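Please go over the structures that come below.
In the two complexes below, chain A is the common chain; its partner is chain B in one and chain C in the other.
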Partner chain A sequence: MKKTHSHVSIDYYAYISGLGNWNTVYKVIFSLGALITVIAANSVFISAATIIFMLYLNVVIGKIHGMDYLRLLWVPAAFILLGGIAIMIQFGSGAGSLFSIRFFWTRLYITTDNLRLSLNTALKAFAAISAFYMVTLSTPMGEIISVFRKVRVPGLILELMHLIYRYIFILSDTNRAQKEAAKSRNGYCDLKTSFRTFSGEIANLFVMSMKKADMYYDAMEARGYEGDCDFWEEKKALTGGQLVYGFLYGALLILIFFIERRS
Partner chain B sequence: MKEKILEVSGLTFAYDKSRNALEDINVTIYQNEKIAVLGANGAGKSTFFLNLNGVREPMQGEIRYRGEVIGKKDKVKLRRHVGIIFQDPDSQIIASTVKAEVAFGPMNMKLDRDEVEKRTMAAIKEMNLESYTMRPPHYLSGGEKKRVSIADILAMDCEVMIFDEPTASLDPVNAQMLEDVLNRMEEEGRTILLSTHDVDFAYRFAERVLVFFDGKLIGDDTPQKIFQNEELLKLANLKKPVFLELYELLREKGKVKETSAYPRQLAELDLLL
Partner chain C sequence: MSKKQKKLIAVLAVLSVIFSITPNAYAMHIMEGYLPPKYCIAWGILCIPFLVAGFLSIKKKLQDNRKNITLLAMAGAFIFVISSLKIPSVTGSCSHMTGTGLGAILFGFSTVSILGIIVLLFQAILLAHGGLTTLGANTFSMAIAGPLLSYGIYKLCKKLKVNRMVSIFLAAFLGDIFTYSVTSFQLALSYPSTEGGVMASVGKFLGVFAPTQLPLAVLEGILTVLIIMALENYAQPELKAINFIKEGE
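So, the complex of A and B:
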């Protein structure tokens, strides 16, 4: 039985995913292609097919536990559902509605058109996120940055992305330790104390981050850093097996397109 | 006779004008030596190491590597031969995977891709990190991160390896692993300098001890002579190693044979019992 990873951050999946060996540029093109198709097609069926196909890629091929995948989708899903509800519900007389209820001096109602629009928008957003997750859940940050380098993003920005990525985890570890130390001394016992403790933590974190940045720079210089960060980039071959999934997805979309046109 | 690798003469360094972090340091380091650098916190050990690697520049005095004076333009060259493993691996590890991290030094040396990969994988293998190659560093334990930080410098194939408090925050198993690595490096002919507060480890491991106090080098001798100098130990805030105390006690009670070179390992003591 596969284990779920409720305690890990999103980038952990890039490390364990079966799609990790796929060619990075291909994954980005595949993902962006799916994203653009979903937006341009404006079709419930194409959105639904994309959601299912990306779920298949991440869970079956990528071997990410299904519950983990759903948990990761849940946060954006909550926003999408709330947005969908806002689109679906109308205020007014409720004429021609599928469903309506009295709400103070007016009525809340749902029409077929609004229901369709809401469903389409929610599925489209979901599909776009699923397509995006295909890359983020299978590609380490360093490889995503290497794609940016290929599209000529300035080196300074890429170096900053590398360092910030690493730094986020160092600072969050430091902050976790600070928080535990503060909790052990009742630093979060009530609201007022919590605010005071939190502000102290942030101030301390700022000072520590400055100190750590100095140490970081020394450590980089000690290994020959001269102003240009050259990071190792894995070369991952594009195989026929990877292309098959692209063709399958394309064929699925074409099939849906023709079925929709005939009906 | 051993070859001179690093010659430090009249080295003075200050972070600010209020006081010198290092003052008139004179020391010669020979090939394949195992040197422990001791001293209280703030004594100048880490600053000394940063000067040896060229991260900090001497304000006065000079450092020679194999007879050549290290000037501003030679610092990068110096770093190819003198590597530092920092005390806190999180201050050293910068890349998003173990492999990219270990490859950072060789990449900066502008080696070709095949050579970078060869060195990186060899260092990863030596540190027994093969199963972590593509793992992000923040998913490693403290001991594993330490091994990555050592692999970083191994991949640069440095002749002189400097370890800033290598055993700090390591559990006994990882500390022993580190000691094995250090011994292996010595067998490979590398020169090892390490700072530590663990006098037992320093006594057992080093063949030479440097003692710093308030930015000055106040002791440079064999571990036996350094740890027998009570005055020096008191001044530098150091303790006598338990192993040495035990040997002296056994000797006082006539339980062991007298010897001019004191034992530093259990096996050596066993021979004298």
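So, the complex of A and C:
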């Protein structure tokens, strides 16, 4: 699937995912549990096992195209790479280093420990991201917000979240149209013009968004809005089949835990 | 090839990789799984007073006028959308605005903290930028520290009667720089250097992210000035609606 906006694609998957009929609360607990385990355990094996398990859940059960899934995992790669470099490279006297190089008045070096730490951190980040993807790639925003309602987030915040979510798509559609109009009039022909067009676009988007806000309020009021937004929620049953995966993952973690303790 | 040359080539290779990847970087969201649990919790707790203050201020705004709900929601969506727009640039690289400076100047600091945490949550869920466990740390740097400084500088400059363009530029530019420094500090606290500890590590993180963040901050400053100028030219009624311009000013 090729989409220009990546947020559209994650949202798109949420509606077609094979995990879509799973019970939402269970899915969130599963994913959060995995996420917390990964960062609390801080172990290479648990991270690796989580990456593989979540790959299976997302790609095989969730039916997301393998290449698309890898592309999505690649999104945070720039941060992980740069952060990894900062963790890995040390400066100072450089005693006991694997590799060192003179750098102005000091030395840059890498020790085995730092190398291990940075690789471990990168792996942990990928594992955490894949655990989080399990829920974001299979759950539409409305359902995620319904989980927030269950943990007693104030209604005002939930209402804002619902509305912001809707408006994001309206505004990015508007912006796409603006950009096309500006491009067709040579608005992005050189850097100076681009800057003027870009800021004009944003200013205009602001005006439009404020105008729309007014209009939407009237529309909501016309449909009986009295200060509470109620949204329809689908009830999704928790089945044994869903629980099996949770147990499998738990068993995998316990197995790794014992192997690690023995060695 | 001598040993020295080999090392030189290795360093150059690493540098070229950094510079070829960075153009795709967003603002500095700390990624999921990057912070140890105790820091995730600590940064989250640090955000609570600001969020409560923001919540109360939003609540008051709604009590004053119920219509503000769609206005606030639009403001949140607006911040999300401008933070996902590509800034035009010469090299064809793509960097994105953070929108924190503009948000803070337009909507005020207290509102931005609540809108900011919602936007950051959506960025994590819909764009995979940032994450759930790092939401506290990211909220602190991007929705609290940066906007607070931007807003403070903007108000201070207004009091000192500094040129408007200069004050808007400074607010957006320094807000960005501050966000980037706070994030570096958060990362360094979790990953101190072997020699020199946290402070040396802050330097490393600042250095590694500088090639993306410094030009971005300058660009963001310039763009924010251009945007506010354009708004003042043809959005007077809307700016009054969000109390950016007072009636009769």
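Everything that follows uses one rule, which is that the second predicted complex is superposed on the first by the 241 of 263 C-alpha atoms of A that agree within 3 Å, B and C clash if a C-alpha of one lies under 4 Å from a C-alpha of the other, contacts with A are read in each partner's own complex, and residues count from 1 in each chain.
Here is the rule we use: contacts are C-beta pairs under 8 Å (C-beta built on N, C-alpha and C of every residue); 3 or more make two chains touch, one makes a residue touch a chain.
Fair warning: this is a prediction, and the values are worked out from it, not measured in the lab.
Of the two partner chains placed by the overlay, only chain B lies in contact with A:Gly224; chain C stays clear of it.
Once the two complexes are overlaid on the shared chain, A:Leu163 sits against chain B and chain C alike. Shared-chain residue A:Tyr216: touches chain B and chain C both. Here chain B and chain C are compared by how many residues of chain A each touches, and C touches more. Within the superposed three-chain model, A:Met141 lies in touch with chain B and with chain C [touch as defined at top].
Residue contacts after overlaying the shared chain place A:Tyr15 against chain B, while chain C stays out of touching range. Looking at the shared chain after the overlay, A:Leu117 reaches chain C, while chain B stays out of its contact range.
By the touch criterion stated above, A:Ala127 is placed in contact with chain C alone, chain B being left untouched. By the touch criterion stated above, A:Thr37 is placed in contact with neither chain B nor chain C. Touched by chain B in one complex and by chain C in the other are residues 11, 141, 163, 165-166, 170, 212, 216, 220 of chain A.
Against chain C, the residues of chain A that register as touching in their complex are 5-7, 10-11, 32, 35-36, 38-40, 42, 72, 75-83, 85-87, 89-93, 101, 111, 113-114, 117, 121, 124-129, 132-133, 136, 141, 144, 154, 156-157, 159-161, 163-168, 170-172, 175, 188, 191, 194-200, 202-207, 209-214, 216-217, 220, 227.
Residue ranges on chain C touching chain A, taken from their complex, read 7, 11, 14, 17-18, 21-22, 24-25, 28-37, 40, 55, 58-59, 62, 66-67, 69-78, 80-82, 84-85, 87-90, 106, 114-115, 118-119, 121-122, 124-129, 131-133, 187, 191, 193-196, 200-201, 204-205, 207-209, 222-223, 226-227, 229-231, 234-235, 238, 241-242.
The part of chain B that touches chain A in the complex is made up of residues 50, 53-55, 76, 79-80, 83-84, 86, 88, 90-97, 99-100, 103-105, 107-109, 116, 120, 134-139, 152-153, 156.
The part of chain A that touches chain B in the complex is made up of residues 8, 11-12, 15, 20, 140-142, 145, 162-163, 165-166, 169-170, 173, 212, 215-216, 218-226, 229-234.
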